[in-house]
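Common to both upcoming complexes is chain A, partnered first by chain B, then by chain C.
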Partner chain A sequence: MDFIFTKKAKLIFSAFMLIGVIAMVFGYATDVSDHHNRFWANIFVNGFFYFAISLGALFFLALQYATEASYMIALKRVIEGISQYIFVGSGILIIFFAAGSFHLHHVYHWMDISVMYEFVMEATVGSAHPEYIHEMVDGAVKNSNFDKLIAGKSAYLNQPFFWIRTLIYLGVWCYFANLFRKRSLMEDAIGGTKIHFKNMTYAAMFLVFFAFTSSTASWDWIMSIDTHWFSTLFGWYVFSGMWVSFLIVFVLVSIWLKHKGYLPNVNKSHIHDAAKWMFAISFLWTYLWFSQFMLIWYSNIPEEVTYYVIRIDHYKGLFWGIFFVNFLFPMVILLSRDAKRQIGYMITVGLIIFVGHWLDVYLMVMPGSLGAHAEIGFMEVGMALGFLGLFLFVVFRAFSKAPISVVKHPFLDESNHLHI
Partner chain B sequence: MHQEAAIRQPLILGEKSYGNITEDVMASVVGKANKSWWIAIGIASIMAAWGIGCILYLIGTGIGTWGLNKTVGWAWDITNFVWWVGIGHAGTLISAVLLLFRQKWRMAINRSAEAMTIFAVMMAAVWPGIHMGRIWLAYFVFPLPNQFGPLWVNFNSPLLWDVFAISTYFSVSLVFWYIGLIPDFATIRDKVTQVVPKKVYTLLAFGWTGNAKAWNRFEEISLVLAGLATPLVFSVHSIVSMDFATSVIPGWHTTIFPPYFVSGAVFSGFAMVLTLLIIMRKVMNLEDYITIKHIEYMNIVIIVTGSIVGVAYLTELFISWYSGVEYEAYAFINRATGPYWWAYWAMMTCNVLSPQVFWFKKLRTSIGFTFFMSIIVNIGMWFERFVIIVTSLHRDYLPSSWTMFHPTFVDIGCFIGTIGIFFVLFLLFARFFPVLPLNELKTILKSSGEQYKNQPTTEEH
Partner chain C sequence: MKDDKTIYAMYDDDMTLLAGAKDLVAKGVSIRDVFSPFPIHGIDPVIGIKQTRLAICAFLFGLVGLTLALAGMYYFMIVDWPMNIGGKPNNFFYQNLPAFVPIAFEFTVLLAAHGMALTYFIRNWTLPGVTARNPYPETTNDRFVMEIHPSDFGMSVDELTVELQKTGTILIEER
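After this line comes the complex of A and B, so read on.
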């Protein structure tokens, strides 16, 4: 059965995007922050959040292949469709990083070369291009911008290396997103088991690559915003967030498609299984949130605890609110089997924690970019909606490009008979 | 009925009927123990006896009989504790998490893995117990009413959280294991003819009738317990890791510890399951149930968890530099190049590099090689804890107090002793308990049994 991307849906998503564009124009014009950081940080929050959802889809798809799981085969095209946003998402991230490289924004403090050098030639101070140097020489003075901690990280946090890493992550992830999609469509055409077995190998390769790069990417892109700060768990924490954000979208979109009469082979058990994932990974997210927070709070070492001090002092409501919304809410409401099979519950909880996880990304990015006083106004809401429109537009277009249910797969029969 | 794709490999080999399964599993219970069992339990008992002797000597004389000194105040004792707790992770992971994931292959291994878990957690509990010095005051670890004196437990201490975490984990694992055993005890009760065993198994079977209602409750309680046990699998080793990570010792205080310890625990637990089961399937003729495919699955778990541990090692190493904290960086340089470099590289080789050979199908389906690797991983995971604990402590902030740790015969004896006790318990289990969940296995015979899978299906779905 083919999915039809109706005019009405296109119109709605375009309207969202229009709101986004207005918010961007209006936001940029009214943004009084240094280097338009507020505007650009918003681009990044949304750019990363929706990108991460598609990357989460790719991870989940690879996980299904590698573990020979069958229960999601009936919903495989939905996962694949969501993963197809990764190309647009990568483009937006590249624009954001490039803007940083050209000093259009100051979200990455370390991209400012002046913090890396201890000395500066006195004659050039105040000019457009001061001459910075590492060693004291005649005519040089102490550089007041120098940041010893950031300079210590310069072997890792420097523009060429950052760009090499970023392009490798994005390139390889996009490659796999394209590969899995192509092979899945090929499987529909020719069937058999050969593609399936080979997919397991590709999935394992992707997962190995992803295991490293999901961590390093989150250090490079997010942790380096709070350049002084470090946490070994950070990568896994971001990963759990992207995983659960994907699962929320996955559940909601699947329910919607089912409601519209697509996916005839999907029954309540499939939705129930997907809902269990959403429930379980909410716990994983909470576990990692708590592990990171508790250990830093407990030890109370200045170089680490500053990260939480600013968040608790100035973003108290958001900080604790996110924890309760993303944890207690799914825990209490989705614990029972019946709730996970009730579409109404799933939609309500899903929408609320979707916002919760968006706010989680917001709270990772904003204090480091804007300091103690970031706000959520028309720009934030409008741009989030705009990007949502773009995301859904791309995903739905991907749905319409291939049969919305897989036609041939060795586990298709098993999946169609799912009964739990 | 559960629909299974043709390309999935069978989980029960050979021409089996329901009756065959009962006979195969009960063979060890009703038959006489063979020679190798007596030899094994003999050796294990000697080790246990020596260990108990060392423990009694330790309690009688004092903790000074261990090689601890004022810089290295924790060494083999806590290493062994964490090692045993880690091993105790696989059982509940297999029984609970794999149950939630509907992994049918768990049925061949969950019973013995759970038994292993329970015995391993008991061995873990020995260590903080004997480390107290005055073991007769052990009840002070519980928040008891204050008539014992002015002492009150410190709720801020992760060591106290450990008391709660491990005792909860132990209780739930024990209940989970026992509930699974009840129907199988009942089967044995119905089959044995000797008077005394019949009486004993009757008692153990809790009056199981096997009617539909009983099975219904059995399945429901299994799911409830799996739901309870899954967070516990995470919490136990997370809290063990917090014993270290809440401190401000370089090399200990790092946020990745909780999930990384959990992954390492599953890794070591599966290695011990493999060590035990590879021998058991051979000695007890269970090759049709614990197949090469099962071993391959477990090896895949080993490679996944081993690689997660590897990513965590590298993350720690990288961040120790990235942080710009001099002490943190030194702790890791000292691990790799200091006087304990051999322990560090033993850990790296055994835990991160060697499991990578399981990428080759030939090696992960080879029984002899898997057995060898399981021993390697057991050793590697012991070294991991040793590295974390001793290398972080032996060079503290004050270079004048830098020192080394040298184990005494009491350190070694106590450790060997817990291994001995563990094996005595496990061998007794293998002799008198149904080592496979025979009733549960019957539920997958028709969907995953070899002779049924190969039959062309005629029934309509």
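After this line comes the complex of A and C, so read on.
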């Protein structure tokens, strides 16, 4: 059965994007922060959040392939469709990083070369391009911008290496997103088990690569905003966030498609299984959030607590609020079997924790880039809606390009009769 | 009913039993119980077993565990003998709460798991030393047995035997 991307849906998503564009123009014009940091940080929050959803989809798809799981095959095209936003998402991230490289924003403090050098030639101080040096020579003075902690990280946090890493991550992820999609369409055409078995190998390769790069990418892109701070758990925390955000979108979109009559073979058991994932990964997110927080809180080492001090002092309600919302809503409401099979509950909880996880990304980015007084105004809401419109537009267009249920797959029949 | 007899029908395949149970129920037979070495998927609604309430039990045990753990730590660490560990504040419960969460979590899991297991054993009466109520030891290996009381639905033993034979049973026994 083919999915029809109706004119009405296109119009609604375009309206969302229009709101986003208005918010961007209006926001950029009224943004009084240093180097338009507020505008660019918003680009990154939304750029990363929706990119992470599609990356979560790619990871989940690879997980299904590598484990040869059958239960989600009836919903495979939905996962695939969501993963197809990754190309647009990568483009937006590259624009954001490039803007940083060209000093259009100062979200990444370490991209400013002056913090890396201890000395500066006195004659060039105050000019457009001061001459920075590492060693004391005649005519050099102490560089007042020098930051010892950031300079110590310069072997890793320097622009050429950052760009090499970023392009490798994005390139390989996009390559696999394209590969899985192409092979899935090929499987529809020729059937058999050959593609299926080979997919397992590809998925295993992707998962190994992803296991490393999901961590390092979150260090490079998000943790380096709070340049002085570090946490080894951070990559997992970001990863669990992206996984659960994807599952929320996955459940909501599947329910919507089912409601529209597009997925006749999907029954309550499929939704129930997806809901179990959402429930479980909400716990994983909470577990990692709390593990990171508690160890830092307990040991109370000055260089570690900075991240939490600014968030608890200035964003207290948001900081504790998202923890309780993202934990307690799924925990209390989705605990019982019956609730997971009721689409009303799923939609309610899904929408609430969707906003919750957007705010989680917001709180990762904003205190580091804007300091203590970031706010949520028209720009934030408008841009979030705009990017949502773009995301759904791209995803729905991907749905419309292939049959919305797979036609041939070794496990299709098994999945269609899923009963739990 | 004076002839309250029990009929046991043995099968050598779970799917044969499941198909047979569906046929029998459609003909008005009510099946008291099924003995099987493993859970047969989809048998519960056929023979009219209600959804288990064990999950509710587990939730309540978990709540008890959470309450006991928090109350205990409040008494030990705040009221009775406040301790200075790593310079942490110790005068108020909420200031120490993050440190108490892992213990509260573990104790919740401990009580929920043990409570659930014990409830299960007591409800099924399969505690150590209790005589097994399983009529055929083979059902712990590779046989599947239905227990039927013909008096439950007013069918004679002969009629029932005829119906049972149609379902591919390998042994029908009356006890």
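Keep in mind that, in the parts below, the second predicted complex is superposed on the first by the 420 of 420 C-alpha atoms of A that agree within 3 Å, B and C clash if a C-alpha of one lies under 4 Å from a C-alpha of the other, contacts with A are read in each partner's own complex, and residues count from 1 in each chain.
As a working rule, a residue touches a chain if its C-beta (ideal position, glycine included) is under 8 Å from a C-beta of that chain, and two chains touch if they have at least 3 such contacts.
The structure displayed is predicted, hence computed values, not measured ones.
Chemist: Following the overlay on chain A, give me a clash-or-fit verdict for chain B and chain C.
Modeler: clash
Chemist: Can A:Leu351 be said to touch chain B (first), chain C (second), both, or neither?
Modeler: neither
Chemist: Which partner does A:Ser336 contact after superposing on A: first (chain B), second (chain C), both, neither?
Modeler: In the superposition, A:Ser336 contacts chain C only.
Chemist: Output check: A:Phe230 vs chain B and chain C. Expected answer is one of first, second, both, neither. What do you get?
Modeler: It touches chain B, and chain C stays clear.
Chemist: Count the residues of chain A touched by chain B and by chain C, then name the partner with the higher count.
Modeler: Comparing touch counts on chain A for chain B and chain C gives B.
Chemist: So, A:Ile164: does it touch chain B (first), chain C (second), both, or neither?
Modeler: In the superposed model, A:Ile164 contacts neither chain B nor chain C.
Chemist: Check the residue A:Tyr298 against both partner chains and state whether it touches chain B (first), chain C (second), both, or neither.
Modeler: A:Tyr298 contacts both chain B and chain C.
Chemist: Let me test your reading of the model: by the given contact rule, A:Glu68 touches which partner, first (chain B), second (chain C), both or neither?
Modeler: After superposition on chain A, A:Glu68 lies in contact with chain B alone.
Chemist: Which residues of chain A are in contact with chain B in one complex and with chain C in the other?
Modeler: Looking at chain A, the two contact sets intersect at 294, 298-299.
Chemist: Any idea which chain B residues touch chain A in the complex?
Modeler: 3-8, 102, 231, 234, 238, 242, 245-248, 253-259, 307-308, 311-312, 315-316, 319, 322-325, 461
Chemist: Quick one: in the complex, what on chain C touches chain A?
Modeler: Counting only chain C, the residues touching chain A are 41-42, 55, 59, 86-88, 98-99, 101-102.
Chemist: Applying the document's contact rule, which stretches of chain A touch chain B when the two form their complex?
Modeler: So the residues of chain A touching chain B come out as 68, 70, 148-149, 152-153, 156, 193, 196, 208, 211-212, 215, 219, 230-236, 283, 287-288, 291-292, 294-296, 298-299, 301, 303, 410-411, 413-414, 417, 420.
Chemist: If you look only at chain A, which of its residues touch chain C in the complex?
Modeler: Residue list for chain A touching chain C: 290, 293-294, 297-300, 335-337, 419.
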